[in-house]
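A short worksheet on the structure shown next.
Chain nomenclature is as follows: A, B and C, assigned in order of appearance, with residue numbering initiated at 1 for each chain independently.
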Amino acid sequence: MIRFEAVDKYFGDRHILKSVDGTVRKGEVVVLCGPSGSGKSTLIRTVNRLEGIDAGKVFVDEKDVGSVRDINALRSGIGFVFQSFGLFPHMTALENVMVGLRLVRRMPPAEAREVASAQLKALGLADKMALMPAALSGGQQQRVAIARAVSMRPAVMLFDEPTSALDPEMVNEVLNAIEQLADQGMTIMCVTHEMGFARRVADRIWYLRAGELVHDVDTESFFAMQAESTSGVIQQSA
Amino acid sequence: MIDILQTYWLDLLIGGYPNGPLGGLAMTMIIAVTSIVLAFPLGVLLALANLSERRWMSRSSGAVITFVRGVPLLMFIFWIYFALPVVTGLSVSGSVTLIVALVIFESAYISQIVKAGILALPRGQREAAESLSMTPFQVNMKIILPQAIFNMTPSLISQLSSAVKDTSLGYIINATEITFATAQINSILLTKPLEIFGVLAIVFFVICASLTGLANILERRLGRSQSIALANVR
Amino acid sequence: MLTLLTSENIARFLFGLLTSLQLAFVLVVVGGVLGVVLAGLRSLPIRPVQWFVSLFVLYHRNVPLLVQILFWYFAMPQLFPAPILRFVNDHNPEFLLAGAALSFAFGAYVSEDLRSGFRALPKVQYEASRAIGLSFLQSFVYILLPQAVRNSMPALINQLLLFFKGTSLASVVGVAELTHVASDLNSSTLLTFETFFVATVLYLFISLLIMGAGSFVSRRMAMRT
């Protein structure tokens, strides 16, 4: 579904991504982890061209992201959830979810409203639909952001540290929502430090260090490897 | 445009002097600087009154400031133009009228600037001075105002730039500043308004942009806390 | 005062005020649209376009409004092609030309205020709007612009106040707005104090309304944050 071929990226002098190769198959859940600054966020941001690349190619559903003609159409098929939620503060939760449906999918208002409210209900936000983002907790805002992305019926969902900006008590409600999506067969790439979640939900773990994809293994092997290693490279959270 | 400049540059620069009153750009700058210089103490007093703890002082100064902010400068100019001769019994030139009107007008805006400058100072300054048993007058004169004004210099330079632009209203009451001088030349030439008014626009552009640029450089050096306070005051 | 306030004169004053308000309306609408377009153009990564907008803004901020009006009235018509010149001359040319000057200047100031409004937006707003597939234009119009306008509302209302007062300068080229009416009546009745008093009161009334709207908006914004 998503394929990285020898992807290189520089920020000025800094070599952020070093010839990264990898494939995410349809329906797979891949968790990206690694130390800060290892390029994990940058890597998933290349999938919908929020970041460009300097060498190599990125493919989504066999389409070359770098040379696709209609970038907006491509992006509408890729769901992206930001660390800081990115909700539009001048719109209600419902309107936030509807805006893509109305403007990109060109749904008539009634249909858009139905799809949007159903999506919000599925994420447990039925009573929050008419509220402005400022009136919602962080966990609720992030779930609205997820609803907004999912309602577009994307082929893949990308999560960039979805719980890093949340207070601890709200982390689980968001992780559960992501797990729900995984159970429904969604292709997911998720950058996160929540290793308990990764262990439970991920099919594969990609471990990046200093721009290199050091490990690309299935979850079980990864945690077995980690348990054996004495350098304590990765923190584990239950 | 070049030949117009070559023929009329002296008129544009100093008006009819010495065969008439001083005019042109020289007069523009004299009017602007004089107005700001005279408006400044007035503005400081207004700011202090506005910040005073005595209700009647802050209220009445606030009313004056609101009044000046709510009425067009042109109205002020007309008021002074017609009222001044009645009040003083003298016939006053357009330039003097303009200066008086500008002094009143600019003092309100300067008071806002000074007020913001004072409010941007840490509270500790006033309290420290008072704890040294300085009288309120001394506190203001020696501690508060010098710092506030130093901090507000960029905004004051911006205000000078505004004052230069405001002098253009002298055109309406025959004050011999550069706009008026330009209009006179235009009425002589009649066929080249584009060049004539183009020159006028360029002159103002150069002067005001330079002043604003100077203000920006100073502001960057002095830090940005003052402009935030000013925005809050306004 | 009573000698001045004949029903005829009152009507004149009110018509003058109406003309001032009409000018204000025109400059807000035309200048507002112009300001939005300029702000949008400035955000495009095309250098010459950015320079053009910068120059436009610098000109209108550093040249006095009166000089701009005089320029439009005396100089600009030389540049108009014949059909436009004819149209302008047939349809209240003073109002149109003064209105054009005011609108362009207002547009320049609005674009600067919006620019600050845009700069205050967190980067994620740009990214999130494009990430769901909105085009640059859709993102600008539906997501970014409404937020930028909200952010710059106090500045925009202050601009409105300044330009409402600026409409008084249109009297210089003969537009029959409030200042012109007052000036005329002064010449005909010689009741200087009374005529200017009425005009001042009318200006103050509208200005206070605008200032009130300004504090209302500022207070609401402070509440939100």
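Quick note on the criterion: contacts are C-beta pairs under 8 Å (C-beta built on N, C-alpha and C of every residue); 3 or more make two chains touch, one makes a residue touch a chain.
In this text, all values refer to a predicted model and were calculated from it rather than measured experimentally.
S.K.: Sort the other chains by how far their Cα centres are from that of chain C and give me the top one.
M.R.: Of all chains, A has its centre farthest from that of chain C.
S.K.: Would you mind checking which chain's mean C-alpha position lies nearest the centre of all protein C-alpha atoms?
M.R.: C
S.K.: CA centre of chain A versus CA centre of chain C: separation in Å?
M.R.: About 45 Å separates the centre of chain A from that of chain C.
S.K.: For chain A and chain B, let me know how many angstrom lie between their CA-based centres, rounded off.
M.R.: Between these chains, centre-to-centre, one finds 56 Å.
S.K.: Round to the nearest whole Å and give the separation of the Cα centres of chain B and chain C.
M.R.: Roughly 22 Å, centre to centre.
S.K.: Give me the residues of chain C that touch two or more other chains.
M.R.: none
S.K.: Can you name the residues of chain C that touch chain A in the complex?
M.R.: It comes out as residues 122, 124-125, 127-135, 138, 142-143, 146-147, 150, 224.
S.K.: For chain C, which residues count as touching chain B in their complex?
M.R.: 58-59, 61-68, 70-71, 74-75, 78-79, 158, 161, 165-169, 171-172, 179, 182-183, 186, 192-193, 196, 199-200, 203-204, 207-208, 211
S.K.: Report the residues of chain B in contact with chain C in the complex, numbered from low to high.
M.R.: Of all residues in chain B, those touching chain C are 66-67, 69-75, 78-79, 82-83, 161, 164-169, 171-172, 179, 183, 186, 193-194, 196-198, 200-201, 204-205, 208-209, 212, 234.
S.K.: Within their complex, state which residues of chain A touch chain C.
M.R.: Per the touch definition, chain A meets chain C at residues 48, 50, 72-78, 80, 82, 84-90, 99-100, 103-104, 134, 145, 148-149, 152.
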